[in-house]
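Next come two complexes built around chain A: one with chain B, the other with chain C.
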Partner chain A sequence: MTVVGTGYRIASQITPESLARIKAADKFFYLVADVVTETWLAGLNPSAENLTDSYAPGKSRTDTYNEIVDRILAPVRTGLHVCVAFYGHPGVFAHSTHEAIRRARKEGVPARMLPGISAQDCLFADLGFDPSDGCQIFEATGFLVQKPKTDPSCALILYQAGAIGVSTFETSALWNRSALQVLSEVLSKKYPPKHRITLYTAPHFPVCDPIILRISIARLPKADVTIATTLFIPPSKEPRWDDRMARRLGMS
Partner chain B sequence: MAKRLTDFLIKLSTDSHSLEQFETDPAGTMDAAGLSATERKAVLSRNPNALRKELGQPHVSHMTDEKKKTAKKKKKTAKKKAAKKK
Partner chain C sequence: MKRKGALTVVGLGYRAAAQVTPEVLSAIGQSDKLYHLVYDPLTTAWIRAVHPNSTSLADSWKPGASVAECCDAMVRQIMASVRAGTDVCVAFSGHPTICVYPTRESLRLAKREGFKTRIFPGLSAIDCLFADIGVDPGLGCQIWETKTLLVRKPKLNPKTNIVLLQLQMIGRTADDGAETNREGLEMLRSFLMRVYPRHHRAAIYEAATFPVAGPVIQWIPLGHLPRAVINALSTLLIPGI
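So, the complex of A and B:
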């Protein structure tokens, strides 16, 4: 079994290795975020099957993920070579792919994940940000509920700010507007309220540019956020420098 | 589904020559692809929501994950089981 990523842009961010696996599979499943990519993928392999119908409004996403894993593993258990394609990177914020691989391996079936281009990779390119000075990445709900220790001298990326606290599947563009107020309040305790943050959406279509909106943290509750928006919070402080450690490493 | 628009977008994505042609002569390229007036308007707007609307998909779908919530639920269940044992 092979799990691959299609990247974010339609048909153009997939690796040749992943494309070859899709075409060679006995059974091919896909789960992507737009109908054009669905059409393109369906044309690559006659056995193609869309996993989108495992989602339904109001249905628990946990149930959906379990159903997807079962659908993927059914042909694997009959000995077929199965390929599964997810949009972006198949291992970034994707429970079903990791779980399917874990279970396949447990059952003695070789399973492998091939990397894809994630929203974060697009963000690094489009915002011109190099994470070499460090980068903290969280899912927005986890960031609020689990309260990880974060460092304002290091960039922070929050995924899925448009779906904070929502465990079902919804069809609207933004799933929880009121949670943005909570997120704004929490961020304001770490950063100055006027600190500029970026709302970033990677482009799917070849004729579209990325959506990049720069706002202050205080304006977040009313901002144009969707479930596809990634928040980028640049550092508000200079990074620390440990002279003693630098000397120990022979850097001075 | 908007087949012509779908095929047009796939072609621009997979063929850099077609994309260059579109950037040079958008009207001519869309004419050749047989796009309708509303489809042309959506493409020229370069607005993803306008394109999704023409494609019959108003919003980006199912773009979330809740593995952390699943893990937490498991933890809670384990705690409950432990409490029952006592």
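So, the complex of A and C:
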């Protein structure tokens, strides 16, 4: 079994190694976010099967993930070479892919994941942000519920801010507007309310530009957020700088 | 009006041509001049085959020069071509804006001087690590360049995954040998020991650089870090406690 990513921009971010696995598979499944990508993927392998129908409005996403894992593993158990394609990077915010690989390996089937260009990779490129300067990444719901300690002198990236606290699947563009108020309040305790944050949406279509909005934390509850939006919160404090260490490391 | 001359920065991923995306391939094809910095001879050979006018930036690594001096030499070379009105493409292994000073500085200069700039992402070592070790960053993840971590001393949250890039570059100038790395790893160990128990296990990860090869993953207790065998591709993953 191989799990691959198709990247974010339709057909233009897929890697040759992933494309080769899709074409060579006995059975091919896919789960992507738009009809154009679906049409393109369906034409790559005659056995193509869309996993989207495992989602339904109001259905718990945990049930959906379990159903997807079962659907993928069924042909694997009959000895077929199975390839599963997810949009973006198949291992980022994708419970079912990691679980399917774990179970396949447990059953003695070789399983591998090939990386894809993620929304995060597009963000790093489009915002010109280098994560090696230090960055903290959380899923927005986990950030609010688990209250992880974060450092305001280091950039913070929050995913799925449009789906906070929602465990079902919905068809609307924004799944929970009222939670943005909560997120705005929590962030205001760590950052000045006027601190400017970036709302980023990676482009799906090859010729389109990303959507980049800069707003203050206080304006977040009314902002144009969808489930595809990523929040980028730049540092609000100067980072510490250990002069003695910098000299030892030859950096000054 | 934009000036004649343009700068496009692209990432090649790691497995020679096997991770090059169609948009990156087309950006390379459209450029008049290609500069590249890659890790292995197979990728170099592939680049020579796809572009008639390519130059490696590896010659900028001069014995005795600091990393900053070498990077500045790369920026000067890239910008000289852009300023001469050439449509320049710069290709790096991995993702072109992660841990790559020459692209960051060239893009800054080119934008300031009114040239058209574009960036196309590539698969990073972090992407390969997520896929090969089975880490989902959605559960919480912190990313740092190792040297920056040691100087800035952030409050680390040991409950999340931590990815440390450029392990080999701690305290290193361009032509240092293995001994400096040992000392650097010792400094890293003592910083991490404030937050983690000695026996907490971490993975030293190297992405595969050949299409059919697998990654190299060594699991070690953090207390043994100074003895680890590392190279230019090594990344450290510290899973949450």
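Please note the rule applied: the second predicted complex is superposed on the first by the 242 of 252 C-alpha atoms of A that agree within 3 Å, B and C clash if a C-alpha of one lies under 4 Å from a C-alpha of the other, contacts with A are read in each partner's own complex, and residues count from 1 in each chain.
FYI, contacts are C-beta pairs under 8 Å (C-beta built on N, C-alpha and C of every residue); 3 or more make two chains touch, one makes a residue touch a chain.
All figures in this text were calculated on a predicted structure; none of them were measured in a lab.
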Since both structures carry chain A, what do chain B and chain C do when superposed there: clash or fit? fit
State whether A:Gly7 touches chain B only (first), chain C only (second), both chains, or neither. second
Looking only at contacts as defined up top, I'd like to know whether chain B or chain C touches more of chain A. C
A:His204 in the overlay: touching chain B, chain C, both, or neither? Say first, second, both or neither. first
Have a look at where A:Gly91 lands relative to chain B and chain C in the superposition and call it first, second, both or neither. second
Partner chain in contact with A:Ile101 - chain B first, chain C second, else both or neither: second
Touch test for A:Val69: chain B only (first), chain C only (second), both, or neither? neither
Of the two partner chains, chain B (first) and chain C (second), which one does A:Asp242 touch, if any: first, second, both, or neither? second
Just chain B (first), just chain C (second), both, or neither: which does A:Ile227 touch? first
Go through the superposed model and pick first if A:Gln136 touches only chain B, second if only chain C, both, or neither. second
Lowest C-alpha to C-alpha distance for chain C against chain B (Å): 6
Output the chain A positions appearing in both contact lists, the one against chain B and the one against chain C. 9, 11-12, 93-95, 98, 139, 142, 146, 160, 206
For chain A, which residues are in contact with chain C within the complex? 7, 9, 11-17, 89-95, 98, 101-102, 113-118, 120-122, 124-126, 128-139, 142, 146, 148-151, 153-154, 159-160, 206, 239-242, 245-246, 248-251
For the complex, give me every residue of chain B touching chain A. 1, 6, 9-10, 12-14, 19, 22, 43, 46-48, 51-52, 55-70, 73
Quick check: in the complex, which residue numbers of chain C touch chain A? 13, 15, 17-23, 26, 66, 95-100, 104, 107, 119-124, 126-128, 130-132, 134-145, 147-155, 157, 159-160, 165-166, 170-173, 184, 187, 211
State the interface residues of chain A toward chain B in the complex, per the touch definition above. 9-12, 31, 33-36, 39-40, 52, 55, 61-62, 64-65, 93-95, 98, 139, 141-142, 146, 160, 163, 166-167, 169, 171-173, 201, 203-209, 211, 226-228
